[in-house]
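Structures given as structure tokens follow.
After this come two complexes, each holding subunit A, first together with subunit B and then together with subunit C.
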Partner chain A sequence: MSSPSPAIQIENLSYAYGRAEAVHDLTLTVQPGRCYGLFGRNGAGKTTTMKCLLHLLRPQRGQVRMFGLDPARHEVEVKRRLAYVPDQVAFYPWMSVRETLDYLASFRAHWNRKTEQELLDRFQLDPAQRTGSLSRGQRTQVALIAAVCPETELLVLDEPTSGLDPIVRREFIETVIGAYQEGNPGQRTILVSTHLITEFEGLIDQFTIIDHGVAVLSLDSDQARERYQKIRARFAQSPPELDLRAALRVRRNGRELELIANGGGAELLERLRQHNPEMLSTESLTLEEIFVATLKS
Partner chain B sequence: MILQINFKSGMPIYLQVVDQIKVAAASGALRPGEVLPSIRPLAEELRVNRNTIAKAYSELESLGVIETLPGRGCFLKENHTALRKEVRRKLLTVEIDQAIVQAHHLQVRRDEFLALIHERMDALDRKRRTHEHHQEDDQS
Partner chain C sequence: MNAKTMRIHKEARSLFWPWCAVMIAGALPLLEQSHSAQMGGPVWGGHYLIEPASFLGFFLGLPLLATLSLGNEFQYRTMSLLLSQPVVRMEIWGEKMSVTIVAALSATLVFGVSWRSALDQAPDLWMAAGAWIIAMIASALFWTLIARSTLGGMVLAGGIHYFFFVPWLFRRDWIPETMTARSIAAFLVLGYAGVMLWLGRRTLARFQATGGMAGDDLLMAGPRVMPEALAGWLRCRPTGAVLNLIRKELRLLRPLWLIAPLGLVGWMCLSMLGKLERGSVPAMIMANGSVAVVIAVTPLIAVLAGALSLGEERSSGMHSWHMTLPVSARRQWLIKLCTALFAGLVCSVLLPILVLDLFGSPSMFVDVHGGTVWAAAILLLSFASFWCACAVNGTVRAALWVFPAIGALLVAGGFGNWVAPKLVDLAVSRFDPFTDFRFTNAVSNLQSVVILATPLRLITLLLVPTLVIAVIQSYRMFREQLQDSILSVTRKLLPLAIAAFLGSFSLMALYVLVADARQQMWAMFRETHEAIEKIQPGTAKLDATHPLQLTAEDLVKAAPLSPRTQRWLRNSSISVAADKPHSGARYCCGENSRGIRFAQDKDYLSYQAVIHLPSGADCTISFQSGRGNGFLGGVCK
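Right, the complex of A and B next:
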């Protein structure tokens, strides 16, 4: 079914636990086929937002739409079209991996057995092993298999790789790119919340940084890396007095200057160049550096 | 041909892939008729979005650098010589511009800079000739 509606649409969402507001007036849209990152520190409101999308929590203000539908009124339809990997994976511990996957498959109209076998092999999981005796990484791998095999149009990942070792994290991301995205190229949408940004850098094509429940920055990843630049300059004598208000951050160390620019990098470079620096260099910030720069300023 | 993405270059990822494949084609790392890695394994290996690689490949196809043969994969086109020279020059321009900017910072004047280029070209020529002599000696 091809529908022009966004995969996810959040408008002015607010949610509070008692008097503690977890999400405040959040608005974002995820178009079909995009990989969208929701970045925030622990407790920033990422999981609360995700729970509102999945109808595990009911928005107190604003609204969410999944594929153009209200998840409260069309819960079954919405859940049929998405898969979810939570931050803490829990299965019935007495069930084997095989039984767990069969059990989860029984809720799905469609299940790709070939992909399931490929991923079991790739992760070297023993189908006969009880899930209660799996490591944390292995439990996440089983949850990922269960999320990929139904071949849904939306994959929601909540802090999927925190607490996992680097090898498991790499495999996780390769699986999302390979097994999940390959299925219906251009139509598979991903929403991932994480504070481990570096490893998702190449996958994410759009993101929102939230802090204390508020969206502080929403950008396309390529645009973000073009806009945020680190400029370094070294002068023969102590740096001249310059108007550097356009810079997000300025660090001085003896004859050296380091600036973080949020747009306007070219003008800052030109201004520095006029004072004949001995050395002048510039590089883009990675998404993680942008995250840090945004939350520290 | 091994590709490498640099998130600090400020260049869109798909363009980095496009440029690197052009470089590979121009330098001979990728030869006409040779098959390119298919989209999925390349995306997995670089750990970038599958759609980014797909976008890069369709860009390369519209530029006439590669062609897709259904069921067989993507290949470097046999006749891309016209592009080759233009691409080579463009690639060199980037490097030269960087050197010029650096020269400016280091207060090396225009004539000094040009003289230095000649000097380096001569030096590298000499080095290559000596190297070739050694190879001939080895063979004889």
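Right, the complex of A and C next:
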């Protein structure tokens, strides 16, 4: 039996706005059922990548496949299988929340009314309220409801939690997104771009860090945690001079030495142990720490 | 540059391009006058293009300049940012007002100079125009703050004062033509302006940035004025995507539905004015002023119909989101385009025609029988506006681009028209393609060029290629993410301008080439006729059964033939037979017939000559004699 097509497949994607290259030679694959994080600083090219996936921008080089299909040629077929939450959510100001959801539901073959009602209650949204009078966070909540209710195979979320208050944010990430994926395990995929990496920590299966349009790191989250380790050592006197070139970052603070290892953690540990430290500890880096360490290095 | 200068610079910059456009519209009549004085005739199409452009510049451009400074803040959603800066609001008000006043008054000055000769015939129109401008500029800031959009501000600031202006047109006698009455009127206008300025200042001082997005735009999401039944029908349902898209489009055009009745009231006033005002020159000028106001509203509606829906969606970000919905971009584009054209047609053509039918047409101003041309013009304008909305971001920007874009295409077409005869003449003089008889004859027989050369067909032929490209382009731009800049719009306009240029160039070049070929053929027919005429005294007994047989050499001996005619006729035989008179002078040769004069005292026979050329082609020359003149025609097959 042939393996299912990847939900997203990007090969050597490049896109430039005039002379400014937003994405350069980006390659990544997202398998069905995974939650994939796209991390990067402002202007790194995350939104451009997403827009190319959604065929809002035509790739200037390379190719993009969604569910094995070309989004340019199979536009509707692809969009039928995904839902998108943009970074800046806008609605028609004259429509009520109810009408907006009805309007968006009319484009879909399937719409889970039960989920819709649950989410409206959870976010404490008044269906009769006009969207023009909603706050930014409330608009994002409506957009998230509209993205989750069609229960599509793929959710593309561009900074989905910006503007949400901490309670709603946590609830959305832990409950809504979790429930969405559990609705059809192994089949529902999420591509999320966010700055709030910590909040998505437990959810992300795989990620790519983009910097200046170039993918600088693509890893499985578990692999990343294994590979990136923070090693702390305290010595009786000031730390000895060691060959620590294998470390990604070295920080000395009095008698303490803090290293970030990018692979080769065991070797570094062994080297430190040879100098009899008073204390030696290792811990995995969080995704946010990996993000910061990677971009700073 | 200090902070204040920088802020004023920013205000001036935001008004610069619209100001340029309005200034050009104002200066157009001056250019036409100067051209007419130099060339001794009006500019081609000047009457149809320059006057409306100038009126539009005045009645739409000036309100736009007056409202744009503040309207831009709403459009780009920078009002909160502006008001959160550590600057006293009154200072912001002062800066915006000073830039607005300078821009609007400088443009007014240009219009005043351009229209001076017309306005001088009715001095009270000077007063009316002055009063309208002062009232409009003074109140623009207030109305823009109330409407919270450029468009709303324009409609309120321009429209409300128009309705002050119309009753005055009907009852001018209420203001006696005395100095005291005029002083009181001026005092009232200035007083009103002062109150509006104060209101604007006060409203800005108390302005609250409530709501987000377009939530506060009076025209877009103002109070519900629609009957419940209609509102119910327009409410989106959980099923029926296409119907929902249409409903959404109709709802997005809300400002249009609000402005359209305003235009209809204008048409009604015009209809009644048409019955009241007749005869005197000032009355005609004032009535024309009223026509101008109505004429300004009609294109505004057509432009809004095309630009509003996409413009609003683009600036709010809804458009990109719609592109991710599972409905093809082509279907969305088509629905949007059709709705825009339909709305433009209904509001700018069908409803005004209905009003004019009901209230009577002021036929001295408006030819309602030209409905088809009117409808075509409105559809074109709405489409041009839709194209601009696809090319730029936001309704106001799209609307501002419409007239420069149309102007650019007209200039490109005009340039093609102008350059074609010159290039054809140059090519003909250089390469002389008419040495070959077959080529010359084939070109001269291109009857289709003559048949197609009616103005309407020519315009259609010129428009069709440009329109096809524009439609394809609009679809492509519709689904693309914009790089909204003057350069990118110019780049997109370029293919259209090239198509317009090539269309007019090729048509005109073909027309000139055919005309030149005909001229060459005509020269041959005429020279042959002159030679036959010379031989004719000896051919008095010509009849159909005994045609006179001639050779080219006989003709050369009888009359001088040009080298080209001699070359063409070499080794040919010519048989000349008498012909009976025919009622239609052009019976034989259609467009290849011309009237010729000859000496009154001579008697000529009508004849028909057939030239058998060595190439196998036969040419027929027909001469129909009259008293002192005749018709000569010729055709070769």
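As a convention for this text, the second predicted complex is superposed on the first by the 290 of 297 C-alpha atoms of A that agree within 3 Å, B and C clash if a C-alpha of one lies under 4 Å from a C-alpha of the other, contacts with A are read in each partner's own complex, and residues count from 1 in each chain.
Keep in mind that, in the parts below, contacts are C-beta pairs under 8 Å (C-beta built on N, C-alpha and C of every residue); 3 or more make two chains touch, one makes a residue touch a chain.
Nothing here was measured: the structure is a model prediction, and the numbers come from that model.
Engineer: Superpose on subunit A as described above, then tell me if subunit B and subunit C fit or clash.
Structural biologist: When both complexes are placed onto subunit A, subunit B and subunit C end up side by side without any clash.
Engineer: In the superposed arrangement, which partner chain does A:57 touch: subunit B (first), subunit C (second), both, or neither?
Structural biologist: It touches subunit C, and subunit B stays clear.
Engineer: Scan A:130 for contacts with subunit B and subunit C and give back first, second, both or neither.
Structural biologist: second
Engineer: Touching A:181 in the superposition: subunit B (first), subunit C (second), both, neither?
Structural biologist: first
Engineer: Under the stated touch criterion, name the partner, subunit B or subunit C, that contacts more residues in subunit A.
Structural biologist: With both complexes superposed on chain A, more residues of subunit A are touched by C.
Engineer: What is the value, to the nearest 10 degrees, of the angle subtended at the Cα centroid of subunit A by the Cα centroids of subunit B and subunit C?
Structural biologist: Roughly 160 degrees separate the directions to subunit B and subunit C.
Engineer: Answer with first, second, both or neither: which of subunit B and subunit C does A:75 touch in the superposed model?
Structural biologist: So A:75 only meets subunit C here.
Engineer: Between subunit B and subunit C, whom does A:276 touch in the aligned arrangement: first, second, both, or neither?
Structural biologist: first
Engineer: Have a look at where A:95 lands relative to subunit B and subunit C in the superposition and call it first, second, both or neither.
Structural biologist: Second partner only.
Engineer: Quick check: superposed on A, how many Å separate the nearest Cα atoms of subunit B and subunit C?
Structural biologist: Value for subunit B versus subunit C, nearest C-alpha atoms: 26 Å.
Engineer: Check subunit A for residues that touch subunit B in one structure and subunit C in the other, and list them.
Structural biologist: Touching subunit B and subunit C on subunit A: no residues.
Engineer: Would you mind writing out the residues of subunit B in touch with subunit A in their complex?
Structural biologist: Contact set of subunit B toward subunit A: 5, 7-10, 12-13, 39-41, 43-44, 46-52, 54, 101, 104-107.
Engineer: Which residues, counting only subunit A, touch subunit B once they are in their complex?
Structural biologist: 33, 35, 170, 173-174, 177-178, 181-182, 185-186, 199, 201-205, 222, 225-226, 229, 273, 276-280, 283-287
Engineer: Using the touch definition from the top, list the residues of subunit C that touch subunit A in their complex.
Structural biologist: Where subunit C meets subunit A, its residues are 211-217, 220-221, 235-241, 244, 248, 251-252, 254, 316-318, 320-321, 323-329, 479-481, 483.
Engineer: Per the contact definition, I'd like the list of subunit A residues that touch subunit C in the complex.
Structural biologist: Those residues of subunit A that touch subunit C are 17-18, 51, 54-58, 75-76, 79-80, 82-84, 86, 88-95, 99-100, 102-108, 111, 130-136, 139, 156.
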